[in-house]
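Next come two complexes built around chain A: one with chain B, the other with chain C.
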Partner chain A sequence: MDNIQPTTDPVRPKAPLRSWFDVRGRSLSTLAFALNRLTAIGLTIYLFLHLAVLSLLLRGPEGWDQFVALAKNPAFLLLDVVLLFGVVYHMANGIRVALVGMGVAHTRQKSLFYVLVGIALVAFVVGAVLIFVE
Partner chain B sequence: MQSSMSRRSLEEMATRRDRSGSLWLVQAFSGLLLVLILGAHMIAHHFIVEGGLRDYQQVLDYVANPFVFIIEIVFVITATAHALLGARAIVLDLRPSAATMRVVNWVLVAVGAVAIGYGLWLAVALQRAAGA
Partner chain C sequence: MTERDIEFKVFRYKQGGAAPAHQTFTVRCDENTTVLVALQDIRRDQDGTLILRHSCHHASCGTCGMRINGREELACVVKVFELGTPTVVVEPMRNMPVISDLVVDMEPFYDRFNAAGMPFIRESEYLEEAEVAEGLETYMRCENCIECNLCVSACPIMGTDPTYIGPAALAATWRVVEEPRGLDSRPLLDWVDSQNGCWRCHVAYECNEACPSGVLPGDKIMSLRRELTKRKFRRLFGR
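What follows is the complex of A and B.
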């Protein structure tokens, strides 16, 4: 419980939350970091919503199958596409952050970012098409 | 006295850094594990299922498989731990006081315990329903 980091680090911005949304003159790594944080917040909210929605299964086929019918609505599918973007981006950038943090390819982190996010974007486009086609 | 206190506070800071490093490693490894489990979860639940979502009976048939049951439990624990460690890192970025951070830590532990407990209870209830 007492593993609290010092909060007086001079390199941290004075208004960190506002700085996430201020894209002026930012480097690629800062933008990648900010987007990682935003997708993290979205995915955390989604995780708890998802757990709550799964409780519908306890109401039997009536409760769950009604929800499944609702989830096939185009507006819902659009939200799935947004979710998919959050997942694939957070995954790709998270792999980069973990590798670089462990000292792997830290001199080539920009290239690593382009490769991983490129793969993520391909997966996103394929997934988004499948969501609407299926 | 002064120098011994300084040395002690330096040692405490070093310990805290070690623990933060350990939490970072947990965050990183849980993230890498999630790439595999979440990838498999999304493919199994959404991309190979006709219509994109399993109906009630298909869900029960799926969780009746003991291997799937264990993977889903590992998934709930890993995803919750990863999400809440990430939330903690975000709160730390907002420069909270040490007292606020202590409260945040306890709240996150409580939320994590409830979420994991609920996830396990739900998985067991569904497996029982599948066996019934």
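What follows is the complex of A and C.
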């Protein structure tokens, strides 16, 4: 049983990026999946950037103050909005995937997507407005 | 009856030959022409070396699976005019080795499917007075599976992991686990409780969309996971 034949095809080598992100003609669920992967990659990169930025603190208040000034720049705030989208989407879809993945409400996975991602989008819009207003 | 010339961009490849390329053919079609019939016309009238697979012509045998305009379909039931595109792109299924033109090697598919073991044909399904057997959710049966490989072709994870068991065989496994009929389903559960088993699935549900036979393999995979989650909890509490 353990030795199933691999599906390797020398003529058409596996192309993960195309396989994950080519959503042409695909369903909502694949879109959800692709977006989940994309936000996961984005959030991982952010995490490392975040740690790098925090390490500025080690160099004393000057470097940090410079960074804070930069962070208030509107272009930077736009990046915050992108980040917020990544967080809320990944969280909402993650809850759906976790529930469905344990066999909870799995036959209603599309409705779950609409409800959870709908709530996430509302939170995103409110958050995005607050980022610019506050 | 209206007739129109339709262009077909067909994937061509011969083992040991040049790299794969698309070849364009023009075929006179009417509203009843299916993609399969158009391909047979090409083979008969224009290029006898075009290789394809088919048998029943009515969505029962599962042999004519291919990608039509980028989607997994049974070519025998897709009407050319209903696609609504002036050019129809026809390619072999993904995630199985291509043998020639539109034909893929189905060995890795059957290998997985046989490992799952699917010994059931349920006559009661066809009886009106039949009641859903105890412990079953519904009569959404895996016996519906026509072993066409379309779900495997559509799955994005099959596209990255050559040893993933894949939606069809996992769905078949669930059928045995759901209704073991005296079989010991534990070895099967162990088989799918693995990195390349049902935990590899990333819940893209493209298999559900692709399946022409109402198997809903994605749902079956989640049922398997529920079973395995329960089993893990039971083991955790020593039961």
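As a working rule, the second predicted complex is superposed on the first by the 120 of 134 C-alpha atoms of A that agree within 3 Å, B and C clash if a C-alpha of one lies under 4 Å from a C-alpha of the other, contacts with A are read in each partner's own complex, and residues count from 1 in each chain.
In the analysis below, contacts are C-beta pairs under 8 Å (C-beta built on N, C-alpha and C of every residue); 3 or more make two chains touch, one makes a residue touch a chain.
Note that the structure is a prediction, hence the values are computed from the model and not measured.
In the superposed model, A:G103 makes contact with chain C only, not with chain B. Residue contacts after overlaying the shared chain place A:A71 against chain B, while chain C stays out of touching range.
Contact with chain B, but none with chain C, is seen for A:L47 once the two complexes are overlaid on the shared chain.
Judged by the touch definition given at the top, the superposed model places A:I131 against chain B, while chain C stays out of reach.
Contacts of A:T30 after superposition: chain C is touched, whereas chain B is not reached. Put simply, chain A uses residues 1-2, 4-7, 12, 16, 97, 101-102 to touch chain B in one complex and chain C in the other. On the chain A side of its complex with chain B, the touching residues are 1-7, 12, 16-17, 37, 40-41, 43-44, 47-48, 51, 54-55, 57-58, 60-61, 64-65, 68, 71-72, 80, 87, 91, 94-95, 97-98, 101-102, 127, 130-131, 134. Across the complex, chain A meets chain C through its residues 1-2, 4-12, 14-16, 18-20, 24-27, 29-30, 32-34, 36, 97, 100-104, 106-107, 109. For chain B in complex with chain A, the touching residues are 13, 15-17, 19-20, 23-24, 28-29, 31-32, 34-35, 38-39, 42, 46-47, 50-57, 59, 76, 79-80, 83-84, 86-87, 90, 92-98, 101-102, 105-106, 115, 118-119, 122, 125-126. Remark: chain C residues 13, 20, 69-71, 94-98, 107-108, 111-112, 115, 152, 156-160, 162-166, 187, 191, 202-206, 208-209, 218-219, 222-227, 229 touch chain A in the complex.
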